[in-house]
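Next up, some structures in structure tokens.
The two complexes that follow have subunit A in common; it is paired with subunit B in the first and with subunit C in the second.
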Partner chain A sequence: MSGSRPTPSTTIPASFAATRGWTRRNMLIASGLGLGGAALLGGCGGGDSSGSGASAEPGAVRFGVNEARGSGPAFQRNEAMANAYAAAQGVEVTLNAVDHNTFQESINTYLQGTPDDVFTWFAGYRMSQFAENGLISDVSDLWPVDGMGEAFQQASTAPDGNQYFMPAGYYPWAVFYRKSVFEENGWTAPESADDFDALLQDMDGKGITPFAFAAKDAWAPMGTFDILNMRLNGYDFHMQLTKGEQAWDSPEVRQVFERWAQLLPYHQQNALGRTWQEAATSMANGDCGMYLLGTFVVDGVADVADDLDFFTFPALDDTIGNDALDAPIDGFCVAAGSDNQAAAKAFLQFLGTAEAADAANSEADAPMIAANSNASTEAYGALQKKSAEVVQQASSIAQFLDRDTNADLANTVITAALQDFIRTPDRIDEITTSIQQQAQSILGTS
Partner chain B sequence: MSVDTAQPTKDDARTTRRKPRRRSTKDRLVIATMIAVPTALVVWLVWLPALASVGLSFTRWNGFRLENIEWVGTQNYRDITTIYPPFWPAIQHNLIWLVFLFVFPTVLGMLLAVVLDREMRGSRFYQTAFYLPVVLSLALVGFIWQLFYSTDQGLINEVFGTRIDWYGDPDINLWAVLVATAWRHTGYIMLIYLAGLKGVDGSLREAAAVDGANEVKTFFNIIFPVMRPINLIVLVIVVIESLRAFDLVWIVNKGRNGLELISALVSQNVIGEATRFGFGSALAVIMMVISSVFITVYLRIVFTQDQEEK
Partner chain C sequence: MSTNTAPAPVEPETPPTNKHAGGTGVLNRKRGTIATVVMAVLAFVWLFPLLWAVYNSFRDYSYTQANGYLSFGGWTLGNYEEAWTRGQFSRTLLNSLYITVPAVLLTLFLSSLVAFVLARFSYRFNLTLLGVFLAANLLPPQALLIPVFRMFRDIPLPSFLSDTGTMLNSFTALVLVNTAFQMGFCAFVLSNYMKTIPHDIYESAELDGASVWRQYWQLTMPLVRPALAALATLQTTWIYNEFFWATVLISRGDKFPVTSALNNLRGQFFADTNLVAAGSVIVALPVIIVFFVLQKQFVSGLTLGSTKG
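Here is the complex of A and B:
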């Protein structure tokens, strides 16, 4: 997946689930339900209780970017923001651009060595984990940020109640398809479970594989697990599961795998050897009808980008509905190891502004939506506009399985288990039992 | 090794009294430094980390702060052997890797060397062609073969009209990767044997020819035994290469789904997102133990043979 998009996931874990999942419309209701226990804590940031008390003061900064120079829009956006800041403040911003996977794999040693002042990172468990271990700086004195709602503040908050993160943008996971292919065949985006089944049957009957599917990158199938879990068991269950409060061998989780097993015949075969770029190509050339992925799918099929459209995964259980989805937030942190805290914070503050978002948007087309609601939407393409709408309509938003879950569990156990399931879908009992045994060992619960 | 330069090492440092010999203080200082520095480096870079791994393998640690280290006894080892599904496949794959490298690329490399040693036309070209993959990093080798193996767009499936999922099907992908490894390994072995063959005294062949031995006999009864040092080097290389096999499977799919190797499991647990340093260390210790078995056997063979010869 080199040279590609912000692998949504390879990266992020996150956990404290409740914190991370934020709810837009129903914020209050949600926290009322206890969904947001952490949310309550989240609100009370403010004082810079922890060590790095320096207040923001512009100066030269080093900026660690998790995309290699010349690797595409994701890098260009970061570069554009850095340039805008340098021009506005008259200070030097030194970019340290590192290949995405290399950056992810060396993040622990990077932060414990001599990190750049500000670096690209993700909301979620991993942000919290770094915060708990003192590797990133408390930036609660920069919050609240003008143009960012409470949901973003909550997503930037570690369990200690302080903010450690500055959101830049986010992107939803949805079902993508080519408009022309759907028109040709008289298909429409399914509204209900019945529509959905009918669509699958019809595609199958016409010799088109309904779902493009790739699982070579172990994070990719997590998107399917997430959406089925949120459709069948609801957002609350999903967040409890990622927090470790629900068992992986529970009937609910088995139900998800069972439904998935029924859907697998409608997915591309041989998924375990396929990258998401190859799967995207199968959708682009019409072999497959749809593809469930993050909006970064556009980067894989730039030729037909104008012909792409998407719908949110339909409800499978009417009592649960379809208003929850995955929409991971990307953003920035200040490294605690930086001896340049004041300048770092000033730069971080800038990165959260609408001005920074505009600089990024005007530089490169990327399927991200700016976190700052004051950012101009003029440069948005049709997909971005629709993404923003869809996310705003969603009542509950999760980050992603490996951004919400304990990193050890997500990366060493669930990845392998999902691949195992795709290979042998009839071994659901063994697989879920194995996940649960390992989860108990890793999380120290019993 | 540095010792070689200073011939009779055995008794000098300790017992100057016996023979107040020709070695000056300066010489002795030099020798002492030459021994002390490498020893310190080996202790610091090899033994301390190795011992630390053993220690960590009995703990749970997220790699961030030392005070987070939590003693868990043998739990990691118990988990690895009981509830960690990739472990046993990994052991098996490492062994398959070892046997495969011994059987195919080594024999093939030797054969190529013998053929190319005959100075036929274009042998320089073939030498270069076969050796070329060795120059490439395994990461690059993985990428090149991905172009052949890709299910939807790969060369092999295009040419033969098949739809085989070479890297994704767990029953096949280990062999697919082994072929890619062999592609590189063969050239390596070939070059070593080629060098060995060039070094064989021509008069031996002549003598064999005079005695009426045919080519095959000459090779197996004369040339091959003469190349014993080369054979030992190859033996060591093959064992080391198969135990440290890692790059290729990591490039292909991070060592999952049929490509589990111990080294990849260690990395999965300590590199990147996951921070199971205790668990990863336990895996590393297991790998170290397995390696030690091979190394011990190898050293034994080498030393016994050396003694027999003397």
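Here is the complex of A and C:
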């Protein structure tokens, strides 16, 4: 989903981050219609049977890539993996490159129509939903994968206990800052809640807005919600909440919003009209001290990339600590609609190897870390190395709110609710009650 | 476009009012000034975002990011070069051509046949038939999304028309869908226009031994040329701009029309708005060119239809 990786969109949900920002109105409307339609199709489950059972055997495959040709490193990495496989096995890999947002918006029609054999996708609930609908193939015979730990196997497992996914890489969400700005002011990364409060006060006192903040991309504030929920209520509560096993109007969730409301004065004002790129720029030019975002923040402030560093959000409750974080995993699935299951699985198996990761890493830089721990880290930059370290130290990893929960709930309800909260932070009761009511009707829980 | 066409209907009224009322009529000098100012303001409001996008499409992203969009400077043509290659416009513009041209021709041909029958003959079900075509025009395409998608998935096509072997991912599908959805409107406009042709002409033609086909092809079609030109302009714009069906029915990156390819200019996380502006200008150009080339027919076609009817 665009979820953690969406492009700037306004009120349109991350997953639906359609063509926003065109100057021509008709295209805007047309794109809005497009997503409504794609969502509709989600409801008419595919009649395809799952092609599990075939054993992996190399052959020509079609590879669906969610990056447009020539769009930069993300496409080059996928292409490099495909080329490496084609060269090693002597088979043809046909690339179908579609830009990131279009690919996501039309994923339902894609999988029910004429999908490629293997396609790029995301771990978490997003993957599970397709597994339950029989749109992607069971690949549990490829697991366990050499070089991938329990956490990755877990992230690739659907509720039925089988694996449907092959992780490729991931990136953490953390608090980014400019080393030079912190040095100049004698600031250090906060270790505790008290340090954190003192840092906020000091920044505020020096006329620097502590947190850059943007909510025009509706998914962006989810990062703040995730981290506060994990710090205040713990990882287990967070995951239960995303699965509908905890109520959104519970005292725990309200506590998250209350704490957030206390922190809002330390965030940039008028966040609803700002894209993450603009927020990142305010951090880069020193107007703001820090920015909580995924490592892709460097794409927005390439000029000062070398001066960037980050720390994980400090513990707010000592009994809970700070060892949980968002680190969305990207990877690959086999389409159930493909009539080429054996070759698809063989390619999927390759994509999970360290060899594939090395092929990608040597081709192009990206703020991603390879999922396979046997992959070479030589090509990593400082931020990537630190990311790998931080994620390895984390005890629990969430995928990001819009990947961990039902797409409809995340993209139509929670995005709007968070923007509502940012606009009027004193309406916590109404907002949480409203989310809970809609969550019940969407998830069918009580 | 409406800003461009809006003043046109006013023109024929202006000379008579001035003649009759000698400057004190509806559009005397004072009111005329007010009207001009109002229209200028409206035109500005309409044009401003477009001009702003054109302005920024010539500027470097890092410059505007550092100095804000209200600044002046950072001129470059790089956005256009990059947009052209990254958007793969040389291919996607061709894709759009393969979809738009057959769809427009087919729509005009089929709807003129319907319109001819409706206007030339008075069958009992003429009104019903027109009603059916118009009703289909009112039906939102989204409502037909699922049936059309499933139907197209099950219709096989020979491999030279579609490399996936079905209607999905083929230009044929887009041409047919666009034709179907545009026919209602065209049939309506053309039949109204054809009704203005005096019936006597057909009687003379009949006496001279012209078949129905000849009455259609050699008599009616030349006479409705202005209406056809106006519709061709509109249809080209609409079908070229069509985004919904292309996104739903095409899932091959190399088959997208140019409107969908604009999305290629945005990365996974990062969007260079100046680059997107440059791409949008490139994508908008063909439509603007078509409009200016056919502008004369477009306006005269519209007004002729409305006054004679």
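To be clear about the criterion, the second predicted complex is superposed on the first by the 395 of 446 C-alpha atoms of A that agree within 3 Å, B and C clash if a C-alpha of one lies under 4 Å from a C-alpha of the other, contacts with A are read in each partner's own complex, and residues count from 1 in each chain.
Here, contacts are C-beta pairs under 8 Å (C-beta built on N, C-alpha and C of every residue); 3 or more make two chains touch, one makes a residue touch a chain.
Model, not experiment: these values are computed from the prediction.
By the touch criterion stated above, A:282 is placed in contact with subunit B alone, subunit C being left untouched. In the superposition on chain A, A:105 contacts both subunit B and subunit C.
Once the two complexes are laid over each other on the shared chain, residue contacts for A:407 go to subunit B alone; subunit C is not touched. In the overlay built on the shared chain, the residue A:272 is in contact with subunit B alone; subunit C does not reach it.
Legend: residue contacts after superposition of the two complexes on their common chain; A:67 is shown touching subunit C, with no touch to subunit B.
In the superposition on chain A, A:306 makes contact with neither subunit B nor subunit C. In the superposed model, A:296 makes contact with subunit C only, not with subunit B. Legend: residue contacts after superposition of the two complexes on their common chain; A:197 is shown touching neither subunit B nor subunit C.
Common to the subunit B and subunit C interfaces on subunit A are residues 105-106, 112, 281. Against subunit B, the residues of subunit A that register as touching in their complex are 10-13, 104-108, 112, 126, 129, 133-135, 215-216, 218, 269-274, 278, 281-282, 402, 407-408, 410-412, 415-417, 419-420, 423, 434, 437-438, 441-442, 444. Subunit A makes touch with subunit C in their complex at residues 5-8, 19, 21-24, 26-27, 30-31, 33-34, 36-38, 40-41, 44, 64-72, 74, 96-102, 105-106, 109-110, 112-115, 275-277, 281, 285, 294, 296, 299-300, 303. Residue ranges of subunit C in contact with subunit A, taken from their complex: 49-50, 52-53, 62, 65-66, 85-86, 88, 141-142, 145-146, 149-150, 153, 164, 166, 168-169, 241-244, 247-249, 251-254, 256, 259-264, 266-271, 273, 276-277, 280, 284. Across the complex, subunit A is touched by residues 60, 62-65, 68, 75, 79, 83-86, 149-153, 163, 165-170, 173, 253-254, 256-257, 268-269, 271-276, 279 of subunit B.
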